[in-house]
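The two complexes that follow have chain A in common; it is paired with chain B in the first and with chain C in the second.
Then we have the complex of A and B:
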């Protein structure tokens, strides 16, 4: 009883696969659709979450933020902190840190002659702010601030609408100084910006840091330092350096702790992608097992004959497993190719502005960019191959353990 | 017909394993569909309920354009008499007038810019749950009292408690400064972060005085007794408004388009996933039925030679599928109901979901809501697609030549 060479087993499996080409083709179609759906849907979900995180991190102060220890509980002007000291400045020079900026951030009321709104007033340093979070392309009218002592103010287009005001007009901004006296100041609107998320347009107004510090009688104190690296997924590598350098008087936080909604979003999505892939696989697996059971069933006599001629049970087991493997591989190949082919034309984004306000509740903008991740593709393919082979073991094993005499006598 | 059914039943059990595998695929998808659709319905209903009942209400009367541009000046004149009229005309208590303004709110230690809502003390509790959620102090009883009720988070941020005073500073109806001092009489906890952090309410009488509104307000909230009666109530409100120029009644879908769209977006992506599951089941059925037809070629040949019409053979194949699908539907539905019913009592949570849930005004535990619709939609579509999948194998029979078929191996 000799072992059949692998080549012969593959050949047998391949030919067996095409003996009933209709069944094989239907199964292939099912695997292809399943794999396509896994990858396509995953890419859409990833795209959505990426967009959500990028928007979120941009509107948060950066990937890592430093605040006074009490600021998170009570984001008021009283919990400000001094500008970064030497140790921190040193740490901020590490190559992983792409840019950083410091801000004054306080709740405020902005009033035009027509109306008033509650907003968040940011006192920023224009040069570093544009590197960390503000995109100069977003300026629709006028200009962004020119220096930390710029006396103008930049507001969102939607807020300007609400206040019935426009570029060049004056507005009054009121907030509270550290002694809880009302601090107010008139500003000329020097720029109007547009944001991806309309709610941000209504929320943030930008003034020069020094001007705002003066208005609020803050001296040189600031509310926060925002730091950005190259990649929000890899914040952990450099976060601890910053944390140590920042010292105990202040608190450094990575984005996923600063906004637990965003942080958990990433984890929930990872879980959801896995659940989705497995559910699709399970739906497929019934068909796969069925196909193999049928393939074995109609060849019972043949298998009996092979055994009678001296083929080892293990060879029969391998032969059926290889048949299943070939089926899975072709299905995977087609599924992957079709997934990539259908995602490429969508690269420039899918316009989902019909449900823009709904998406905004989730924190995503009205264009959905599918994000095809190599890791997700590998995961989907691995799951299908590994679980697919596992589910094929049972029918193959049954085929391998037929009694040759009984099998031969089967009609 | 009974013979066909009988034959179909027996044919199915000629290949027990194959039949069960196909039925298994149906059961699996039906289970998943029932569970997810119930979960969807459950969470949508909660999202809608929770988002509307705490503040927005089922519908609002506003000046046309106010919803798009909520400005102080697009107000409703003589709002309280109008609310009274609507109340009597509809015979409904759940109608309340409101005013909306922004003001800088300062305690001794802190200041925040806030949206302040002027409410009718007698009727506000009938349209929203907030008055009932006052955990410390009380709600209003006098429409002209210089009082305010604020959210718990706001109270903490402002460092105030019941009995403390707040200074309000804002702009009034004519653009002039509006300033006043009010006493905190109550603090509510809704559990919705946004509301607890940003909401402050005042009695509408004093509110109108403070912001120089005269007899004006900004919207009248109307709750229908039941979500199903939204349309008729809205219609009657429209009739009442016929004599008032420039006033419109908007339902929640217009007031909170985000809510509806979030549901739509979720709905679309969910149906994409369901579609994939259903198509995979259909493939499974197609495969099984095609195989079972092919392997019976000889048998069918003999039957045709004996005078059985192809129509009847096709009918047999379709009946087999129908019986199989009915099995899948029944077992899937029963298991689905049991599982979902258990979870709709016990609820379940998903690690990391709390933050997402909060964003959509959902509780931390999810409770699927079981209804005839949520049970039947998924399985019926699976049933339908299974039948569709068996058309091709059935149609093949028409092209069967009895002689050739009988010779087939």
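Then we have the complex of A and C:
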């Protein structure tokens, strides 16, 4: 046997790593900062996309929506559906379903004494609606609806400004019933809400479901059922159960099909994270290769000596690769620790309200919450290790294939 | 007991447009336990011959046998194995591994051979004592003088109990006192362990130690004489 044992290779690699302290420390700093940047920026970007997706999903759609089969093409009152039957109610009790709610949802016009606006009128079940999409903390004045037969109306703060109206005032809401006749009713404003996205405040007004059904002469029919689960990424695991139970007269869609823009965001984000990590690594790799090339160049005679003494070229190759591996592992450890340490204090959010309008156009709020995902950290670490070792193969192979005589005679 | 047999070795080098004859039909036989000096000016072929014997350089033609092994027919892997088990090298520039201590440098060869740790430790201590470096086992090469470093190199060369030690200008970087001490050590090892020594040198003081002096010029052997060593060889 003419191979140095693994333990001896590690010892030799470790000591050789520190022959040139300065160079090693500089390279370590570069790897650490690179890994930190990978993880930190990914967490920020994930947070932004998560916020965008959650705002999009939770603002109304939910993770799974059920509609009449024609509703997607024509979201009008004529394409309403019956309330959930026994089979669907049973399916909605599976553990993966966190909450669900049924709604009437129709385009409408709201008029105050001063102005009129086009809006989306939502007839909701308040108790279930607050579990699916409406956050009671968003109520700024007054209250939310108290029951499905509540006769009040809740509107957004921005809409109240536009209509130059306020809490306690009366407004008229007008829409169309299934016979295409005008259906209107007067409501007292019982609550004013603020939303993460100001555009939503102008769009959605809330009334009790039964009150709205009565106004529109719908009977017990509804426009949609919105369902939320534990994680919008895991919808595939359970939505088919809902779909089967819902029957053929209705259509159940996961959020990424109901809103393809949102759906594509996730795939784009996953791809972007991968590209970002690879780009950062490529920048690192030049330094890594240079470090190894210099380390090998300085030890040419020593490598020739080892070959002269009977060490196989493969052992020399492994020794250089282990040096690279040790450098990468230390850099990864430091980078990961620093990333976690810098992200944790930001878990209460970063206030970026200075660019709030721009963020709102993208569908995100003005508080950015970094989202540190284990999968992203694992991916970053794996890419750095694998690509790092691949990058190191060339200088290592070069060292292993030196001619012993030429190497020994190098000055 | 190994011997070295070289038959009709030829080796050429390209230097610009010129072809230089490193070895020009060199034939030689060295008996086990012999103490041989290869002498000659720079470029005479003594280092080339030494490298060929040690399997570090392949001749263009000819045969080399170390013991029963045809060195010229071996591939890279078997050559490495042969060097590991049968040959010790002592170079002009000591060539110690700077990140290893004296003891670790000596043990390096035994580690590559897969010898157990306790055996390595025992033998390395013995050898370092024999070469006069007791108490310096844990020093790194940078903490040793030139002569001490060369002694570590000698210890490394013989710790594996090779049949043959090839030394290329081992005293070139040493002062005369240290060089004398080194050569006395070689003689003692040759006598006590019956190790064959082949030393390439152009130092006449070193040549005085040889039992057999082979002179080379322009890749050829021009004389091959037994001589009375001026120092006590067995």
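What to note about this one:
We adopt the following convention: the second predicted complex is superposed on the first by the 409 of 411 C-alpha atoms of A that agree within 3 Å, B and C clash if a C-alpha of one lies under 4 Å from a C-alpha of the other, contacts with A are read in each partner's own complex, and residues count from 1 in each chain.
FYI, a contact is a pair of C-beta atoms (placed from the backbone, for glycine too) under 8 Å apart; a residue touches a chain by one contact, two chains touch by 3 or more.
Quantities reported herein were computed from a predicted structural model and do not represent experimental measurements.
Within the superposed three-chain model, A:298 lies in touch with chain B and out of touch with chain C [touch as defined at top]. Of the two partner chains, chain B is the only one that A:260 touches; chain C does not reach it.
By the touch criterion stated above, A:351 is placed in contact with neither chain B nor chain C. In the superposition on chain A, the chain among chain B and chain C reaching more residues of chain A is B.
Once the two complexes are laid over each other on the shared chain, residue contacts for A:220 go to neither chain B nor chain C. In the superposition on chain A, A:119 makes contact with chain B only, not with chain C.
When the shared chain is aligned, chain B comes close enough to touch A:30, but chain C does not. Of the two partner chains placed by superposition, only chain C is touched by A:19; chain B is not. Once the two complexes are laid over each other on the shared chain, residue contacts for A:135 go to neither chain B nor chain C. By the touch criterion stated above, chain B contacts chain A in their complex at residues 15, 17-18, 21-22, 24-25, 28-29, 32, 69-73, 102-104, 106-115, 156-157, 169-171, 175, 198, 257-265, 268-269, 272-273, 276-277, 279-281, 283-284, 286-288, 290-291, 294-295, 350-356, 358-360. The touching residues of chain A, counted against chain C in their complex, run 1-5, 8, 12, 15-16, 19, 301-302, 305-313, 315, 404-405, 408.
Chain C makes touch with chain A in their complex at residues 51, 54, 56-57, 76-77, 80-85, 89, 91, 93, 95, 97-100, 108-109, 111-114, 156.
By the touch rule above, chain A contacts chain B in their complex via residues 20, 22-23, 26-27, 29-30, 33-34, 37, 41, 44, 74-76, 78, 107-109, 111, 113-119, 161-162, 164, 174-176, 180, 182, 260-261, 263-265, 267-268, 271, 276, 279-280, 282-284, 286-287, 289-291, 293-294, 297-298, 352, 354-363.
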